[in-house]
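Several structures are given next for inspection.
Same chain, two partners: chain A is paired with chain B first, then with chain C.
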Partner chain A sequence: MGALDSSPVTDALGGRSDRPLRWGISLPLVAYVALIVCVLTANVVWLARPHPDTGQSYLASLYANDALRGEIGYALKLSMVSSLISAIIATLLAIPSAYALSRLRVPFRALIDTIVDLPLVIPPLIAGIALLLFFRQSGMGQWIENHLLPVVYTQQGIVVAQFFIASAFAIRAVKAAFDQVNPRFEAVARSLGASGLHAFVTISLPLAKSGVIAGFIMTWARAIGEFAPIMMVAGSTPGKTNVLPISAFLNMSAGNVEAAIAIVVLMVAIAAGTLVLFKQLGGQGYIW
Partner chain B sequence: MPNRAWIVPTLFACGVLGILLVGGCCRLLPGADQTCLLPTAPQSATEAQSAPAAGQSLFLYCGAGIRKPVEEINALFEQQTGVRVEPTFTGSGCALAQIEMAQKGDLFMPGEDWFMEQAVERGRILERRTVAYFVPVIMVQRGNPHGIQELDDLLKPGVRVGVGEPKACAIGHFTVKLMELEKIPWDELGRNVVAHFATAPELGNAVKLKAVDACIQWDSIAALYLDDAEVVPFAVDEETSSAITLGVLKTSKQPESARSYLQFMEGPEGQRIFRKHHFTLDLEDPTFPWDGERD
Partner chain C sequence: MIQVRSLSIKLGEFSLRDVHLSVNRGEYVVIMGPTGSGKTVLLECLVGLYGAESGEVWIGGRRMDGEPPERRGVAYVPQDYCLFPHMTLADNITYGMRLRGTPAEERAQKLQMLSDLLGIGHLLDRRPLHLSGGERQRGALARALAIDPDVLLLDEPLSAVDEYTRDSLCEMLKGLQRKLGITTLHVSHNLDEALAVGDRIAVFGNGTILQEDEPCEVLSRPANSFVARCVGVSNVVPGRGVVEDGQRWFEADGVRLHLRSVPEGPCVLIVRPEHVRPMPPGARDRGPRMEAVVRHRQERGPLVWLDLQMGGLSLKACLPSGAFSPDADSLSAGTRVDVVLPEHEVHFAPN
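Right after this comes the complex of A and B.
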């Protein structure tokens, strides 16, 4: 309980003996953390169990399968490359957009703010169908497909699907960072003769830096876990558009549950690393 | 002053647009068409060694449960004809939605004929052929702990049964039909049903993960799980089995190549590969009872 004693929550409760309250509020947390750890451990233990006929661990036989290793390796690379591109574009879009939402008296602000949230609310599969419909059935989408960038059933489609959903995350996270920067700093800089751009670049952006980076990492993590919209827009073609979640789905559909679970464990490891990085950069409590 | 504040967002928006345009230029790079991020990986050793594609490529919407034979057939077809078949493996319902929305692609091979019927009704299919069959069997956990020997045994107290959702997949649709034919009241089975599943592989996974004790399953899907499950076959006929069909889509820009793929799949080499993956090719000679031969 040492860690609990030094936490701000127990400090706020005062120094007297309030053990029942401490236990009362920490038990649900401990139970939930234990549940998550148990679920993940069960997955790893299940993967490591021996095959009933050969006695070899499933994990070892998965690793020994060259074709599967190749497929997962390709999926990992494709996931990394595509999600990084999506996260960079989403963050570049999010910085001005979030700054506008945070600082400017944008007309129909409430409406725009709501529209930004929509990709997070729409069920992912439906978002995928909506994107497919846009690119293949609407005049504007067809023009983009024919003249700018072929999207449907291509690798670019992966980035478009990830970007569509993840940008909403980026804008939310970066806006939260700008909201925490006191506008007075900019006002002071401008009263001393700095231009709006100069004040933004030298004052607001550096002050919001860790929030922006944390937003970027969360956006990237969201993009790497994207599944249904990618399946609908880019297709799930092994060796071409099989990002990690699609590889998990393909293996699950072909009865290879062990491979699917191995991919899930790999993704959890990536997510855990991302979240640690996010928290190191001061991301906790920033988003909503 | 507020007007000047728009400069920053505008500059960034221009930057983003620039990046998108650069992305757009990807397709102008030689050989980079549709593969901007990573070069497409060869799907098998055979394919990697084959001669360069004759330039044609067919796009196939395929049920995810039949990936294994289809990938093997594709590699062989490319090796022999130089025509590359690019499959997208999804749930058959998703594939149907994609066909409807994308208006693009050459071939459709749903996991279950029920979806092909819908594609035909919507006027999407130029031509179709039956290439194999799905035959229903009872799939139980390894060791058959509940001693299930026939359909009636699914009604035994304490047997946790999983069924396909009748509205979502043909195995569910067929389970209802089968119960009617066998005069087993649906409500009586319903007492033991603990979950409905959207696809046949999900049913298999549920037995494998011990979430259910038994289910009605397609034979070749059940064959994927023989390490962790057992199969109890029962007598079937045409009415209680489902044809696996391959159709040429009306949107195909290379219908001749698509037709030759169709002929290849129903020809001796395609059939050999389906058989190797435990698909029933002739209802008189179903995959189960198992003859002991495996890969």
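Right after this comes the complex of A and C.
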């Protein structure tokens, strides 16, 4: 594992007499890890078993199905593009916001901090309904719909729904990164002649870099996995707004279990890759 | 060069009130005070990190309160040095010069000059993580000096180094300051350090500057009991001055001392332990004397510390140990002695 083991672990229960206690404590952990691994492998094994008609594996027969391949391919592309856009916007917004929360004496700071956390705590479906109501029924939302950007039941709606929730993630993660940087570094830089902006760009931002990148990755992971708010705001039109999770849901509802499971495996792979990347970049467990 | 007038700041648990300080061009002033007394806040206020509630800060004849740090011409070396961890030592040192657009050739010369001066030439390619405490300290100093500052502000620059290194770094700091003629303000809680480098000492306590003077003046004539304790005067005795038949007496804890310089009314008697002279009864010495008993004796290398009890009053005395002074050997615990307080070494301050 090497690089994944970021913190050294001291064994508090190293003695022979501690052995029963050791097992007692470790058992729930082992059981939970086993559960996760079993659930995920069951999906892969299920896809790999031979199809009774063709003799090929389910995965291979799925791949041979052009229509299905096209649909999943489209969903993957749409998911990738929309989540990247929303993660980039969210991170760009998060850098100044998180810096302000971390460094500046903002009025009503505790209140703002709580409001920023709200999208993380509100159930996603509820956030989606709230967003839909905002764009359809409120004056401001309607104005945005009519004059700025049509959102409801459009592809832009996907990005808006992802952005609404992912931004909170980005701000949390980037703030944690800035919190780690000693504010005196900037103070020294300024005494040496740097303007506030220059000190930020040459000192604080580079020092928070890996935290910001890790934050971006987790933001993106959250965005790509978003389902309910997208369903509410952008709808679930195949060929238009069916991102991967929606595609999985539509296939599952229509009885195309194989296709749904293929998406499951794809998304698990994406999530695992993201986590490895996140930990490689020194990300801490502050996201969840 | 630096003028602080009636400066007041409120910052969380720290508050500075009515701080007055003046540092002349080319002078080395040490701000001394106990840990956690807000000395750093004062320094960072001069750097420009905090705005003052009231009062004025003048640096080099220009009013600076309200100016951002980058316009103050003040180089700051914080206690933890704060070398930028993502840059090599060389890049750290030239950071300020690069901001000023100093030509590369001039930068290289200056880097060479400073690294030679501070003996860090072999470390320039290293990142701060791979430097020792003393090396970081010199690196941070080089970075500060590289911008030719009008004023150098050092926050506890020697607190992270061991005592042995401290002596040599003190000499280096003082020598460097003399050589470059930089007006320097140095914050410290260590008396030895303050005495080794300071042209003048400002004693800081209760959020303000209590006394600002030359080291020997602060040592021998502390302005009040707080300053006295801060500069290692352990004998601070509250009492009152009384005038009777034209004679002046100091009264405390039932003991009466005939001291001509005592002011009338409540006051504190301040005398350095090295000026308290215990001697065998009957020995001749000038000055008011009184009978005392040695309560406790402690050897500390070349010095002997004695707790002397006279009535309800106790004083500490410090004298060279037996090897250096034959008298000291005879002063064991329980011995009766005469204590002489030389009149000119006793100082009174308002209570």
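Quick note on the criterion: the second predicted complex is superposed on the first by the 249 of 288 C-alpha atoms of A that agree within 3 Å, B and C clash if a C-alpha of one lies under 4 Å from a C-alpha of the other, contacts with A are read in each partner's own complex, and residues count from 1 in each chain.
One rule holds for everything that comes next: a contact is a pair of C-beta atoms (placed from the backbone, for glycine too) under 8 Å apart; a residue touches a chain by one contact, two chains touch by 3 or more.
Note that the structure is predicted; figures quoted are calculated from it, not measured.
Novice: Based on the shared chain A superposition, would you classify chain B and chain C as clashing or fitting together?
Specialist: fit
Novice: Should A:232 be classified as contacting the first partner (chain B), the second (chain C), both, or neither?
Specialist: Only chain B; A:232 stays clear of chain C.
Novice: Now for A:114: first (chain B), second (chain C), both, or neither, which partner does it touch?
Specialist: Touch status of A:114: no partner.
Novice: Of the partners chain B and chain C, which touch A:138 in the superposed model: first, second, both, neither?
Specialist: neither
Novice: Given the touch rule stated above, what does A:103 touch, chain B (first), chain C (second), both, or neither?
Specialist: first
Novice: Once the structures are superposed on A, label A:280 by its partner contacts, choosing first (chain B), second (chain C), both or neither.
Specialist: A:280 contacts neither chain B nor chain C.
Novice: Classify the contacts of A:56 with the two partner chains as first (chain B alone), second (chain C alone), both, or neither.
Specialist: Neither: A:56 stays clear of chain B and chain C.
Novice: With both complexes overlaid on chain A, does A:192 touch chain B (first), chain C (second), both or neither?
Specialist: The answer is second: A:192 touches chain C but not chain B.
Novice: Counting only touches as set out at the top, which of chain B and chain C does A:207 meet: first, second, both, neither?
Specialist: second
Novice: What is the minimum C-alpha distance, in Å, between chain B and chain C after the two complexes are superposed on chain A?
Specialist: When the complexes share the chain A frame, the smallest chain B-chain C C-alpha distance is 6 Å.
Novice: Following superposition on chain A, which residues of chain A contact chain B and also contact chain C?
Specialist: 190, 195-196
Novice: Can you tell me which positions in chain A touch chain B when the two form their complex?
Specialist: Touch list, chain A to chain B: 51-53, 67, 70-71, 74, 77-78, 81-82, 85, 89, 92-93, 95-97, 99-100, 103-105, 125, 129, 132-133, 136-137, 148-150, 152-156, 158-159, 190, 195-197, 200, 231-232, 235-241, 249-250, 252-257.
Novice: Mind listing the chain B positions that touch chain A in their complex?
Specialist: Result: residues 1-2, 4-13, 15-16, 19-21, 23-24, 26-27, 33-38, 40-44, 59, 64-65, 67-68, 71, 86-91, 94, 97-98, 101-104, 142, 199, 201, 204-205, 208-209, 221, 224-225, 227-228 of chain B touch chain A.
Novice: Mind listing the chain A positions that touch chain C in their complex?
Specialist: Against chain C, the touching part of chain A is residues 182, 184-185, 187-196, 198, 202-203, 206-207.
Novice: What residues of chain C sit close enough to touch chain A in their complex?
Specialist: Within the complex, chain C contacts chain A at residues 44, 47-49, 68-70, 72, 74-76, 78, 80, 82, 84-86, 95-96, 99-100, 143-144, 147.
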